[in-house]
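So, here's a batch of structures to check.
Presented sequentially are two complexes of chain A, the first with chain B as partner and the second with chain C.
And then the complex of A and B:
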């Protein structure tokens, strides 16, 4: 029974990782037509180094992810503090409002943003993508930081205040250090949400300037070469390392 | 703290985030609803009047309602496959593996989930064209989507299995239930909230998927998601696209409304 169980688990893990492994392996294969036998070559990574279009898109992806996660983490943390430490009418409503951006398919949200930004003159482009990415990350930040806030009550801040700390001191010396793991995890979540986001960016990208996933999608549809495998491998490695780092700060469900 | 001051402080804290969400998610949805009743995009001198024609088209033109059904059919297959494949994984994780190994394998299962969905879909084009050669077919779409959403099922079922008091299963066994009975009568019913949560989390985004069908599906990719996408990127009939988006949203809300009492009943236990 145990053997059967472990075999099944192995098969599922193979199902999850084999395609990614094969895709990465093909980035190092010399043949432009993905032909076997496998001949190790770095030619596709060299080609990538000279591909201005993909490199620019990659740089766009990185700075948009950095800026949008910084914005989402700061205003999201404030909102989490406002929601966690106070009882007020409409609080339940505000909490419920976090669900539509997470649950409504991105296709619908993306097309709605396209129409709205076009109609109001905001237009398409990297600035529109940035606006959209912050919105997508916000609910995650509020939930993750909120979960961290729920692990301890206001007693510590109250103790600090009663011992003579000013509210600002209590906030920066007590609340922020307590929240730090949650804030770091939320920031990395937000980075990952933005860095991997394709659908919203696809609808909001102006012709010619876009993010990496949009460029990869365009390339896949036009007929791709192992160069796409090379850039895809880099993207996967970045995301996976990020999640592994996050997992040191934040438990993904379940008890330790 | 005085009420007014507290009120001001809360407003100051939550306002930036919620204003942002209002201006980039909720207001755009409202404007899209308005657009879905227009004859044309009101730009420049173009005349746009109110109409119901796009919603009428959805019900009268086969290409729309039929492909909406195809999206639902796809979501059903993918959801079923994820639950059937994911349930045993969750059981094995909770009952056969402990400590650090469990933590590591759990992380390995949800790790792909946090990587680029587009790249993972692309990776299947390498595998499915090779020895199997089922790229650009319906099964290829299903495989790609199951790969994308299986971690959701494992995650939600695992969480609900973990919450089950081990003594309940032991009690059932001690009172003479067979392993099968203990599973069917105790464990499965207690884990249903997790299963249902997984079903919702998978069914909704798969109904709205367009990228996976586009990359893996070839001519089988024609479903509601890709049709909506092409209204915005190819044919530029935005009002029709808006109406189709809202029909998709309506279908999803209907599914939620049908499923919610079920979820609630199991939550109460």
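And then the complex of A and C:
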């Protein structure tokens, strides 16, 4: 029984990680055609260092993800607070309207944004991508922070004000520390939504400037080079270490 | 310290009138119990005094100074919430420090006061714990110390003992009362537990449907209820209704019930005032009935007695078990009680 369980677990892990592991391994293989025997070489990383297009795209992806997740997390947290702590007409409707953007296919949202940005004069380019990513990740942030807010009622803020705290003091001394795990999780979500985003970035990118997923897609269409394996490996290592660091501060699936 | 006066305060939520023209005065240093069923408006009244609820009409004043436009954080109140509302991310000591820190007290002074108030609630040495590491009773005491440490003008308690089990509850009642006496702070507490209200309060207000039904000392309110609701909400009561005559009322079958006070056709008697026997003595009010049920608990016995003229509801008699004899279900008995204990009430 125990053997069966371990086999099952191993199968799942292999299913999840084998393709990634092979890709990372091939980033260090000398042959561009996945030839064996495996010969360790950093040739593809060296090639990557000289590939301006991929590097620029990578940098674009990082700063767009950082800026858009920062904006979405701030706005989204305030929106979640507003929704949780106030009663107003149309509140239910607003809360309901948070979900369609999550379920509508990105292709459709991307088309809509492209048309809208064209029509309003926002146009295409990194600024448009940034705007699109903020809009995309906002519902995720509101839902994640809102779930965290729902775990405690308004009593804690009330207790703070009863003890003489001004509303701003109650917010920064009580609400923010309590929400911190939710805010961090929401920020990671928003970062991932932006960093992973292909379709919308592809639609909104101006010719010549784009994000990493778009650039990788274009590069593959032109002919695959193991430089892609190299940059993908770097991205994987960075994102996995980020998850590990964050999980030290916040245990997923609830507090404590 | 502080007298709190509430004058003609009303508050509605949509069509629901939570408070309906409530006027009441809480005297300096008294322990005041607001007692009522859920939805009666007692918590709304407490929250209006705290400033969390803005009344639609009326005035609230602390020592004659109107606080209607004063926000909660400037009212200088201490409040203990039903859930305690301890800050889970702060240690016990930091919970206590919170109120002193936000107003900018010097650190040394804060540290000294924290020790003093931890000692007051018998939690010295536990300042470093997180709230979740404490028992329910200890959390309750932290909440109390946190509310008192800032030296508030009034202490507001919202069902403070509601979450504790019975034994702990009784211990905390004694402790709460003791701390209140030592600090001398005007205290208003909300409860739906009649026994708790009687035990703790200097005075009680019974609230129902947003209105104050009766205000008085526990003894006054228990012994002299003004209405059927007051009589039945605070303790048990046997109710008689009939035609009013001089000195009492006449039941449907012609039996006269002598009543103390001016009677309009309704009267009550407390079950512990009723004696039970096979024959009537020289008592003034008697009724015949049949024992339906007896609940024996050693020192005392509770009888439910069917009295035909009083209809469906059985009459209750709480009797000391002095003879050692029980009246078995089905036996015919006579209920007897003093006219002086028969109180006229309003509907």
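As a convention for this text, the second predicted complex is superposed on the first by the 239 of 256 C-alpha atoms of A that agree within 3 Å, B and C clash if a C-alpha of one lies under 4 Å from a C-alpha of the other, contacts with A are read in each partner's own complex, and residues count from 1 in each chain.
In the analysis below, a residue touches a chain if its C-beta (ideal position, glycine included) is under 8 Å from a C-beta of that chain, and two chains touch if they have at least 3 such contacts.
These numbers come from a predicted model, not from an experiment.
Shared-chain residue A:155: touches chain C; no touch with chain B. Of the two partner chains placed around the shared chain by superposition, chain B is the only one that A:12 touches, whereas chain C remains out of contact. More chain A residues lie in contact with B than with the other chain of the pair chain B and chain C.
By the document's definition of touching, of the two partners only chain C reaches A:164; chain B does not. In the superposition on chain A, A:96 makes contact with neither chain B nor chain C. In the superposition on chain A, A:177 makes contact with chain C only, while chain B stays out of contact range.
By the document's definition of touching, of the two partners only chain B reaches A:216; chain C does not. Where the contact sets of chain A with chain B and with chain C meet, they give residues 256.
By the touch criterion given at the top, residues 2, 5-6, 8-9, 12-13, 15-20, 22-23, 26, 34, 75-76, 78-79, 81-83, 86, 88, 94, 97, 100-101, 103-109, 111-117, 119, 131-132, 134-135, 138-139, 142, 192, 195-196, 198-199, 203, 213, 216-217, 220-221, 224, 228-229, 232, 235-236, 239-240, 242-244, 247, 252-256 of chain A touch chain B in their complex. Contacts from chain A toward chain C in the complex involve residues 152-153, 155-156, 158-167, 169-170, 173-174, 177-178, 256. By the touch criterion given at the top, residues 6-7, 9-10, 12-14, 16-18, 20-21, 24-29, 31-32, 35, 85, 88-89, 92-93, 96-97, 103, 105-112, 114-120, 122-127, 147, 150-151, 155, 158-159, 162, 204-205, 207-211, 214-215, 225, 228-229, 232-233, 238, 241-242, 245-246, 248-249, 252 of chain B touch chain A in their complex.
Of all residues in chain C, those touching chain A in their complex are 50, 52, 71-74, 76-79, 81, 83, 85-89, 98-99, 102-103, 132, 146-147, 150, 156.
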